[in-house]
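Below is one structure. I have some questions about it.
Naming follows writing order (A, B, C and D), and every chain is counted from residue 1.
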Amino acid sequence: MHFASDNTAPISPEILAAIEKASRDHAGSYGADALTEKLGTRARDIFGTELSIYPVGTGTAANALALATLVRPYGAVICAEEAHIATDECGAPEFFMGGAKVLTLPSVDGRILPMQIETAMARAVDGGIHHVLPEAVSITQATEWGTVYTPADIAELGAASRRRGLHLHMDGARFANALVQAGATPAELTWKSGVDVLSFGATKNGAMAAEAVIFFNPALAAGFERRRKRAGQLWSKMRFLSAQLLAYLENDLWLRNAAHANDMASALAGGLGSLPGVRLMQTVQANEVFVAMPDEMIEALLAGGAVFYRWIDMPGEPNPVVRLVTSFATRPEEVENFVSLARRLALANQEAA
Amino acid sequence: MHFASDNTAPISPEILAAIEKASRDHAGSYGADALTEKLGTRARDIFGTELSIYPVGTGTAANALALATLVRPYGAVICAEEAHIATDECGAPEFFMGGAKVLTLPSVDGRILPMQIETAMARAVDGGIHHVLPEAVSITQATEWGTVYTPADIAELGAASRRRGLHLHMDGARFANALVQAGATPAELTWKSGVDVLSFGATKNGAMAAEAVIFFNPALAAGFERRRKRAGQLWSKMRFLSAQLLAYLENDLWLRNAAHANDMASALAGGLGSLPGVRLMQTVQANEVFVAMPDEMIEALLAGGAVFYRWIDMPGEPNPVVRLVTSFATRPEEVENFVSLARRLALANQEAA
Amino acid sequence: MHFASDNTAPISPEILAAIEKASRDHAGSYGADALTEKLGTRARDIFGTELSIYPVGTGTAANALALATLVRPYGAVICAEEAHIATDECGAPEFFMGGAKVLTLPSVDGRILPMQIETAMARAVDGGIHHVLPEAVSITQATEWGTVYTPADIAELGAASRRRGLHLHMDGARFANALVQAGATPAELTWKSGVDVLSFGATKNGAMAAEAVIFFNPALAAGFERRRKRAGQLWSKMRFLSAQLLAYLENDLWLRNAAHANDMASALAGGLGSLPGVRLMQTVQANEVFVAMPDEMIEALLAGGAVFYRWIDMPGEPNPVVRLVTSFATRPEEVENFVSLARRLALANQEAA
Amino acid sequence: MHFASDNTAPISPEILAAIEKASRDHAGSYGADALTEKLGTRARDIFGTELSIYPVGTGTAANALALATLVRPYGAVICAEEAHIATDECGAPEFFMGGAKVLTLPSVDGRILPMQIETAMARAVDGGIHHVLPEAVSITQATEWGTVYTPADIAELGAASRRRGLHLHMDGARFANALVQAGATPAELTWKSGVDVLSFGATKNGAMAAEAVIFFNPALAAGFERRRKRAGQLWSKMRFLSAQLLAYLENDLWLRNAAHANDMASALAGGLGSLPGVRLMQTVQANEVFVAMPDEMIEALLAGGAVFYRWIDMPGEPNPVVRLVTSFATRPEEVENFVSLARRLALANQEAA
């Protein structure tokens, strides 16, 4: 019952096989190899547009490098207060942007609203040269609360950003999970809705360590290769990053993996949502379930072999909120066992009360 | 005939197998896994001392992160003018150190001398607060010219550094190649000779993408985990870095791979050194051979299927210098074919002259 | 009726005279002059302790340089959400700290509470290495709301900081105004209460351009001279900074100037506080008055020749809040004229209603 | 006999008077004042073109801020090895540029040649993305060796820079000294010859602390105000910077001061150049004289009350080289006394030999 994180999952077998295959002979280093070239072609097919794609090793690197291309050191990026770039990257964005600020907006379920961009910009402009000027908006898809922006949501944010001269960045650490949920094309969820740069995640959805920065506006990518190099993110044996990403995109592996993870999360939500004393905290739209439950129940589930994190205490909710994350590797019986154990505990609790 | 770089080689089969094995089940993320813990124990055994070891994805990251712990933004690091950190990392050290300087010293064969440290420090101190103050010395082992510092060389540099209050960093991208050449223990080549921090390379010698920063003075490692995180170098599925490094160190794989690469380089040097019109530029001590040869010969070798780089034009040498790099994957027949082709060309040249 | 800012005031005549006097002959550059040496002695007398004092040209430089010595690039500083370092320095702290974060705490009147430090630290520690770790607390004295921390307040913050291993920085852009209000000694308001580093302001209180960073713990000052140099804050003709600061401290000029400014603010507050339709927003303890008044009244005051800024709209307060700042140069008749004009307008408003 | 530096001189009386005059009343802060506006107009008149001018407090700040606008963090600036930005600013350029590199070129007398730019660029491009790419050239006018580029020299450097897509920066800490020597117009010495940005110095030539960054291509100035603010270089009482610069430019004060300083240096050179045992090291074109003389003579001059620095030991020159700097405040009798003392010592030396 592994629900701690999609990062605890193994490598998707297809991706492991691709690494092995890429290792059968010599190949050019630092990206001068056939797989890296093929990745570009494949990505252009999938997104249906001209683009530049740059593989890197981690999601934090993808985000921080992307933001550094959009925001000058005396600028800022606007995002939700829960955004990974604001809370979970130990200042990587500030480091890569050369000291620019990450300005956060309150959010109910991880999503921000176009109106908030307007307000934040008005305040910043009002501060004149004493205040950093935002140059980009960053949204997370799927969000840190496991919710998903629709193409229409993004298009509105894109329009609000453009009106204020802001670039739009998408942290797509769980892009595939959002994509299968949204029922949209990759293009609709990104550049057609105004996204300039995408941090395209694969690690959480089956890769070993492989993310990519995708520029839909190649002009923004000027100088990116040097940025990546000086960030220590240019792999000498680059083909092993490209091989992972190619296998990820081959035969819809990324979509199948994400759909499975989402289904497992839905099953968890379905099974837990109606239990007495248990409260679902959000509409489950991707592979994360946030659920409030009594302390004794949490302890008993952990004692019963489930692996997951207590997440947060929320105002107005008496019980702690835990986070359950599913992945491509989650087995249906893990979900069944967890739900059935939770049900037994909830009913026992109820009787005791 | 692959002599372009040790970076063009595949993954050592033992390391690939270790990745596969590590992928059989779930494991804690961000380093909270059994393999990462085991790596620490293994490294302490091999170096025979207490130490802190932190895996990262690239050699540039290892170097830049190591230097950032040793040098404050208003300081500097001293190194040879050919040093990778000075010329081939697109400013990564400056980026990670927050703007500190990389001060270079002239060098004949990639090695610097204790006396040069003294001179550089005297000059810096003379500049007072208008001049950056060096806080570290960085040496490359094996050097960029394929030469190797002996333990005695390093001990002298270590002593000169300590006298001036400088830390000593070793860029060990090819540490194993130097080790088997030096006939010394890992301890003798590092902390026993005054090295404070080692960039321990594995990628060039058989890994997919795996390096490590090793602190022999754990006090220096304070804060390193946050530094690594904010540099985007903390892999979420860290065990796949640790698995590579463990397999690398298991059953002397690292030593066997390096010894083979060095032998192949010696064979190249032996075969080429005595050819008419060809001149060996350095004492071959690791897995790189620098050799001057006529332009027509270079062209003919490339046309004959050999892969290698023209490296540099050297003062006093009429012919261009090419670099030949061997690796664990170099087959003896590649060397034989290359030497025999070179011999035919050299003799034909001689007759024509 | 100049109430826009204490920055719009001229130079105190005594300070101007000191600049003129320092210009009568040659003197050593970059701080190697008699005035700079004398400043150190004078500062040690006034604060009654060993200390290091470094003049710089602006308050933003003083704050940013001070914080950079206390916080490493992967750390953070905690402050009130209104803090100048958070909102009005265009990211200077982030720039000088090498990308470290400024974490803000909500505050009612510009002051933060010891408990808030505890909470912020708990949250940061909980985030582990994914979260920046605060290394300093910064408080503003007097605060951005014109309120003043008592020595007891500071001592509690100092103790809370030390418990958590945090340094305590004081932004004393209006330190003299706070000092005369607190009725304490400079020592009591700083190092005796746990302040490690003080940004000591003089510009707002009569200097032309002169601030100083004062370290009560000289060990923290290691390397500061190089930091200042590389920040472009080491004046070649340093004596003209030192001369300003010496004259400022001579014959209690700083205290007299501040007392006058505070008195003028009190007179404003006394005169405005009881007017119908006008509401004082804070206890006036220094040289700033925040007062809510109807839009028509603001317009009429501005039309009547008063110079001041609309500051903010506050929740629960129907009228806009304006800021009135007094200085050493404020003349009593300016205050009288302003109050009497305001009174006429308020009474007319009342009748109309 | 003050020849240590032009930084040891007092404030020009006209500039001191301007500060006093600017202090007679209140004025808008942060540059919203009449003097700052007037400075822009005056600068445009003098340079005969549209431009943006931004006063700052120090020359290091002017240079570092200028370079930060021209060079991205993954880029580099090319300059002579003696350049102030390379050796005497304690890494300020690297700090402000966000880690970009300062690449130095050898130089005989402080001047670089167009050909060197070409060579440096060829080498940089050859390194590909592993090497920082220069984005600017910086020249010092007058140079650190007291020599002066002619308009033709600059035009050639400007053309070589443009051919390679490089911006051209001029460190004009002693711009006025160069200008009166070159016998050219300010326009000819800058934008007409391809200079994009000028660090315009006044402190060494009579100001208290006042320099300016002048953009001849206003497009390059985008965002500069925020850069200056976050560098702690935006004076709140900005008018006192502008007042200095206006007085400096008024009634040709800058030219008169510089001409006097240059004349004093010529007199020194004329008097010293023919003395036995003394050797002039450069063609004196501005206000610095570099001269080699025996150790005993140096000691005797210092003992006789002269103030100056030993500068450097030069290859091929048996005696140490000292630097003598004159300024607007140098009195002819200081020069006469120095020369006559030197003559006595030289002749005595000669007899003794």
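Everything that follows uses one rule, which is that contacts are C-beta pairs under 8 Å (C-beta built on N, C-alpha and C of every residue); 3 or more make two chains touch, one makes a residue touch a chain.
Worth saying up front: this structure is predicted, and the values here are computed from it rather than measured.
Looking at A-B alongside A-D, one finds more C-beta pairs in contact between the chains of A-B. In this assembly, B is the chain whose CA centroid lies farthest from the centroid of chain C. Chain geometry summary: the mean Cα position of chain A and that of chain B are 35 Å apart.
The distance from the centre of chain A to the centre of chain C, with each centre set as the mean of the Cα atoms, comes to 42 Å. Distance between chain centres (mean CA atoms), chain A to chain D: 51 Å. In chain B, the residues touching two or more other chains are 30, 73-74, 89-91, 95, 98-99, 129-130, 132, 226, 229-230, 234.
Residues 73-74, 76, 87-91, 94-95, 97-101, 127, 129-132 of chain A touch chain C in their complex.
Chain D contributes residues 2, 4-5, 7-11, 16, 19-20, 22-30, 56-62, 64-65, 89-92, 95-96, 203-204, 208-209, 226, 229-237, 240-241, 307, 329 to its touches with chain C in the complex.
Those residues of chain C whose C-beta lies close enough to touch chain B in the complex are 30, 72-74, 98-99, 129-130, 132-133, 223, 225-227, 229-230, 234.
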